[in-house]
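Quick one: the structure is below, questions incoming.
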Amino acid sequence: MKSLIERANILIETLPYIKTFFGKTIVIKYGGKAMVDEELKHCFAQDIVLLRYIGAKPVVVHGGGVQINQVMKKMGKKAEFIDGLRVTDIETMEIVEMVLGGRISSEIVSLINHHGAQAVGLTGLDGKLIEACQTTDGSLTGQVTKINPRVIETLDENGFIPVIAPIGTGTDGKRYNINADTVASEIATTLSALKLILLSDTKGVLKDIKDPNSLISTLKVEEIDLLINDGCVSEGMLPKINACKCAISSNKVDKAHIIDGRIPHSILLELFTDKGIGTQIIRWCP
Amino acid sequence: MKSLIERANILIETLPYIKTFFGKTIVIKYGGKAMVDEELKHCFAQDIVLLRYIGAKPVVVHGGGVQINQVMKKMGKKAEFIDGLRVTDIETMEIVEMVLGGRISSEIVSLINHHGAQAVGLTGLDGKLIEACQTTDGSLTGQVTKINPRVIETLDENGFIPVIAPIGTGTDGKRYNINADTVASEIATTLSALKLILLSDTKGVLKDIKDPNSLISTLKVEEIDLLINDGCVSEGMLPKINACKCAISSNKVDKAHIIDGRIPHSILLELFTDKGIGTQIIRWCP
Amino acid sequence: MKSLIERANILIETLPYIKTFFGKTIVIKYGGKAMVDEELKHCFAQDIVLLRYIGAKPVVVHGGGVQINQVMKKMGKKAEFIDGLRVTDIETMEIVEMVLGGRISSEIVSLINHHGAQAVGLTGLDGKLIEACQTTDGSLTGQVTKINPRVIETLDENGFIPVIAPIGTGTDGKRYNINADTVASEIATTLSALKLILLSDTKGVLKDIKDPNSLISTLKVEEIDLLINDGCVSEGMLPKINACKCAISSNKVDKAHIIDGRIPHSILLELFTDKGIGTQIIRWCP
Amino acid sequence: MKSLIERANILIETLPYIKTFFGKTIVIKYGGKAMVDEELKHCFAQDIVLLRYIGAKPVVVHGGGVQINQVMKKMGKKAEFIDGLRVTDIETMEIVEMVLGGRISSEIVSLINHHGAQAVGLTGLDGKLIEACQTTDGSLTGQVTKINPRVIETLDENGFIPVIAPIGTGTDGKRYNINADTVASEIATTLSALKLILLSDTKGVLKDIKDPNSLISTLKVEEIDLLINDGCVSEGMLPKINACKCAISSNKVDKAHIIDGRIPHSILLELFTDKGIGTQIIRWCP
Amino acid sequence: MKSLIERANILIETLPYIKTFFGKTIVIKYGGKAMVDEELKHCFAQDIVLLRYIGAKPVVVHGGGVQINQVMKKMGKKAEFIDGLRVTDIETMEIVEMVLGGRISSEIVSLINHHGAQAVGLTGLDGKLIEACQTTDGSLTGQVTKINPRVIETLDENGFIPVIAPIGTGTDGKRYNINADTVASEIATTLSALKLILLSDTKGVLKDIKDPNSLISTLKVEEIDLLINDGCVSEGMLPKINACKCAISSNKVDKAHIIDGRIPHSILLELFTDKGIGTQIIRWCP
Amino acid sequence: MKSLIERANILIETLPYIKTFFGKTIVIKYGGKAMVDEELKHCFAQDIVLLRYIGAKPVVVHGGGVQINQVMKKMGKKAEFIDGLRVTDIETMEIVEMVLGGRISSEIVSLINHHGAQAVGLTGLDGKLIEACQTTDGSLTGQVTKINPRVIETLDENGFIPVIAPIGTGTDGKRYNINADTVASEIATTLSALKLILLSDTKGVLKDIKDPNSLISTLKVEEIDLLINDGCVSEGMLPKINACKCAISSNKVDKAHIIDGRIPHSILLELFTDKGIGTQIIRWCP
């Protein structure tokens, strides 16, 4: 009985958090180890379903770099990168579409459905969700020009959880491969999300890249540039921290979080504890 | 971190229960020690607010015998009972109205509001919620003739939690004092509630009244008459077990529960564990 | 036949008034003799029901000083007043809650239901309708800090007539006893009521307190201060006239009326005749 | 003051009637002297507007035989009748359309608007309201085959009062002149009206045609055939009494009334008194 | 097969136009030869029904000068005109009402219904659609003072096509005969119509009145005054061109068109081709 | 001008068809040459967009056998078939998902968006649209067990056109490759579609497979079995004709059509002509 009451207390302790999330949009960038490890995959899906059932509106944006590379390899095509960004020629773009829009979306939708909610996979083409244009000459790597959120809102209001592949549609009729962190940030901003959560394969933002115990728990958006200039931000962390900076600077998103996707239920741990487990990026409010 | 993950796991374990309760009505008869002990009162209010936030629709019905007696004493009036039922003359009825409809309702509404939801106190007069007629000649002790649930539904759909005092309105213009267990049962039936939960000051239904370790965890509705005939049901338990019997026999309510209101968060303990802590009354499904 | 046609003519003469009230909120402070005399009580209820059926939205706020004193006396407690305001200690507040929220609300709700509409009794706790804070140190006499009208609007839109006891809820968790005239004025202002009507046990505002024939039919809000300074306003009239002043000065309420509740159907008489029977307080519109 | 209170009492006495009419459809056939006398016209419009404001849904159907004859005469065309029914050739039908659909509708709409409601004139062509076919060979006198009430309902729900000219549309593309009493009866039946009211230039149905004091106050629908066989029903009354018979026999309309349109406010007199002023036709309910 | 594919291509070529008209209001002034020639009448009705089915919201305003003259003649009354405007005395006004509101409305409604949509005839009295006042002393020729579009909107939202006779209602209780081109322009402006289309019995606006080959295809609103001053606009064209000028100058209507109603399906020809067949009046957008 | 009027006439001739399709669901199986030829692809997209704009609700289901084979080849995997059905092992299923759900969906959505409507790509996993189970042991070729149409309906009501890849979700958590003709038939049945249209690379159903001039224009559903037994149905046509049979036999779908997707705008040609261009399958209505 004692252990039962303890359980009830834990539930009750979540009440203030539940109230905060009620009716609010939470955009989650899903990727890294959490997307390949079998156990972590189920934990992630459970977290999303729980968020939906307690009244929040989760929106999932996913990447899939590793899986794209695997398929490219199978098809005898070499992956090329410049400054960490994939060089996307037409053939690569076809593979990106197949992997992100076809296989990974299907898998995430399946997982979430399996745990009791109803997900719908989208790409940025669906309802012209993500309008994009070219970033690098001669490549199909794109950047967001506009988010048309109506298809997300339609699904949301009818109880479906949108799962979004970061592919954009250009006014030139071309399709573009876009960084998933950026897409998550832009969608969070357009939807005035309560939170933007980015799953990473690190503990969060570290003061000293080499010291895993130097986690910065709270980062004010104004401190980010200094941190980057000081070389404290690793290459992989750079797009993530910039995505958070954009979302918070827009004054539309309340808080951004970079969390360790390698920990089971990392989303719940970050959302349902005051301290959190990763780095939260906030606005300076003097 | 380990303890944090354990917490997350407890949350995830509630997911199947949350899904079951989503959008469903749960009628709770509140009374006994849980209504006088300061700590238990707050635990109760938290349980109700949590139910609301995870998407259930709690409806509270309360009694108040002890408090009525206190005020009667202060006003120099002696409480009379026949067969455990209060003999309600006009003067007593005025006190009943004041205590149930005035003081206790206010207190429960205050408690629930304090924990973050919005409650509204009702009596059976409001919107003619409870229509009643006389049971015993010459007394204002009444029995339910009809429930008009529109006022509950109106409040429900707009996010308010109804808190109901068991006072009925007669076609003769008189007001009647009604047993709260019965009122809860009738409302649960009319609303086709998922569950009827009665808080008591015992562990539940006991096989042997004198042996507190003889709790019956699950009771089929067909076994109730036998149990009563065998004298296994104490006087105080009788109206409760009959209220459960009516609700379950109506085929409108899924399960009824008699639980120990003296345990903190007894409602959550009963609702969020497979075994529960009290006695559940179910239909026989051969 | 002639008398029948006369009746029809009287009905037709009400048409311009009916048009004016259609869809509009009318807040009525109910109290005094109209609340204790059996015949007047029924007349009042009929007036309210009629207003509802012709398309107006009546909101009733009631006091209950006399009844509180009676119960206090029965419980052997002496009522204390400073400057006409009740000194409300904890014990008194419990009685206030019981009498206003329990007994009087129930009676008014019963009366209105009896005459064919559907009323719902509320206190300021329900849906946090009336937020309040302390006025006098050490006492539970409060003043309104905020009206949250959603519970009234919810009931209104669904055809229920709200009957409100002037008890407020503090952010400190305490409950406060508030002047009913003030509460009526604040609710009228928040709801942008067409009219605020205060029932009194006088003819209205008199030029000469001692001369009952000196009724002021129309009073401009700018004239009120002068009148008070001249000592023309009796002690009992003071809170009423101030309540009217606030409502009209807010520019949200069209007209306020202080009328003689001792006359049967005084509300109809005031509303359905050009001259009215009491004092109307209006804005100066040069 | 005494006369004022009397007025209030008269208002209160209407309350039970107002409750009965609330939200209910009342179909009124307007015609005869009430449509040509200036004072009676205004009385009629006021009655209709009052009904609308107290929550009833009046639907007006009008005839216009006298006015048609006037215009025919001006245009040098002789009106012909067989068995009291107008022989309608093509030229006559054009005049019927112009007079009923153009002039009379406009006048009634104007009158009702002038008294503060919003009316809309319709013919049976509008939204295919009245489908009809031929009755007499070679003539455009028609009979109703179907009522399509959607246009009435649309106007009703948006607060407009429909004013209907009895012109039907045939599947043969022709337009038909139909008896207005019949149209009113058919519309009342389709709309499940509470009441069908026919204004006539007599006191109602008389036991002895020659004795104006022999008014039958209440007539059971089963007694009608006997009455007709006995020759007690005059020629002009025949279509009216048959229209009532149809409506009541359909079990869709509660009561039908034939009243004296020559009395000012005859509609109110019939509706707001227990005895009424004309003949009411009811179902036998043994 | 080849001819079939050609047909499909024609359909596909209309797609860009259909997209433009989707959900938009198009006000059409119907009159002249198109209203008297049997074939043209059917073509007009088909055009209107097609517009409705592809998602546009057509609103028809009609005149009827010729028909009014015919009836006046039959009734032995001479039609008088000053400066091309009918001198409307009371007797004439009655005829105007009968012809416009009765006969012509009915005919147009019948035609449209026959081709598969549902029309409803209105005059400016219905729902006080057109408020008007006097233009010339002593006459019932009026000018629009206000459009109350609620009755049009109500019918529109419920799938009915409004057919409007240009009769206005004065605050003086009088009814006024108004120029139909003006009424169409005022309604188009109030409804923020995409287009105002006026059917005429000419090719459109001609540079040289005597040369039918001098059609001006596109006319900027700023050029109109010059054109009038140069005497290039015939008497009959003057009210039309002024109606267009008002609508376009209001910045509420996108384009106005004066087209040749003598050509079958002139509305479709104007709307579904880039060049159009008449004169379009546009805003100057430097 | 003459050619213009001809165009208008063609438009008008479509009116009866447009009326028939208004608000009705039309399910189209898209595949074959129409899905690979650049010009045909655009024609198809235009047809779909036109259907949407004239008020029909098109639902697209697509296959992609050729494209699956191409990718399999690139990845060094051999496609295997038994009885014309693909043997789908796990690796093949991954490719199926990528090609159908990723690449082809994206392309069709892009095409439709390009022509002015808003499409959304779905697989049978989204909102659990297609529930399926295994057909052949050891393979992931599935058959439909249930259609959950809510996601289609949600998109439809909000103006989006659903584009569906025939992948089903099993209760065993597996994903299944399903025949697209069958999926189209099942969806048409569940949605009570007006029409099921299957694009093929033949003229339709031929009496003599070898004689392309032996097209059967209309086929009664009862004749299908005979036709199959006579060996008149080619292997590729078999699943199509069975899909039609199921849809029509369900009594939920009005008509099924097998048409020649190699002809530009074949959908419009079939839908907007009485004769059509392919084979229509209908119910026998003696």
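A, B, C, D, E and F are the chain letters, set down in written order, and residue numbers restart from 1 in every chain.
Please note the rule applied: contacts are C-beta pairs under 8 Å (C-beta built on N, C-alpha and C of every residue); 3 or more make two chains touch, one makes a residue touch a chain.
Note that this is a predicted model, so its numbers are computed, not measured.
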item	value
Set of chains adjacent to chain D and to chain F	E
Least hop count linking chain B to chain E through chains in contact	3
Pair in A-B, C-D or B-C that repeats A-F, with over half of contact pairs matching by residue number	B-C
Classification of the chain A:chain F interface as same or different, half of numbers criterion	same
Farthest-lying chain, centroid of Cα atoms versus that of chain F	C
Geometric centre distance via CA averages, chain E-chain D, whole Å	35
For chain B paired with chain D, centre-to-centre distance based on mean C-alpha positions, whole Å	56
Distance between the centres, which are taken as Cα means, of chain F and chain E, whole angstrom	45
Overlap residues in chain A, where contacts from two or more other chains coincide	none
Category of the chain touch graph - line, ring, star, complete, other	ring
Parts of chain D lying in touch with chain C, wherever the complex brings them together	1, 4-5, 7-12, 14-16, 18-19, 22, 43, 46-47, 49-50, 53-55, 115-116, 263-265, 268-269, 272-273, 277
Residue numbers on chain E that touch chain D, as the complex places them	71, 74-76, 94, 97-103, 105-106, 109-110, 113-114, 118-123, 125-128, 150-151, 154-155, 158, 160, 167, 169, 173, 175
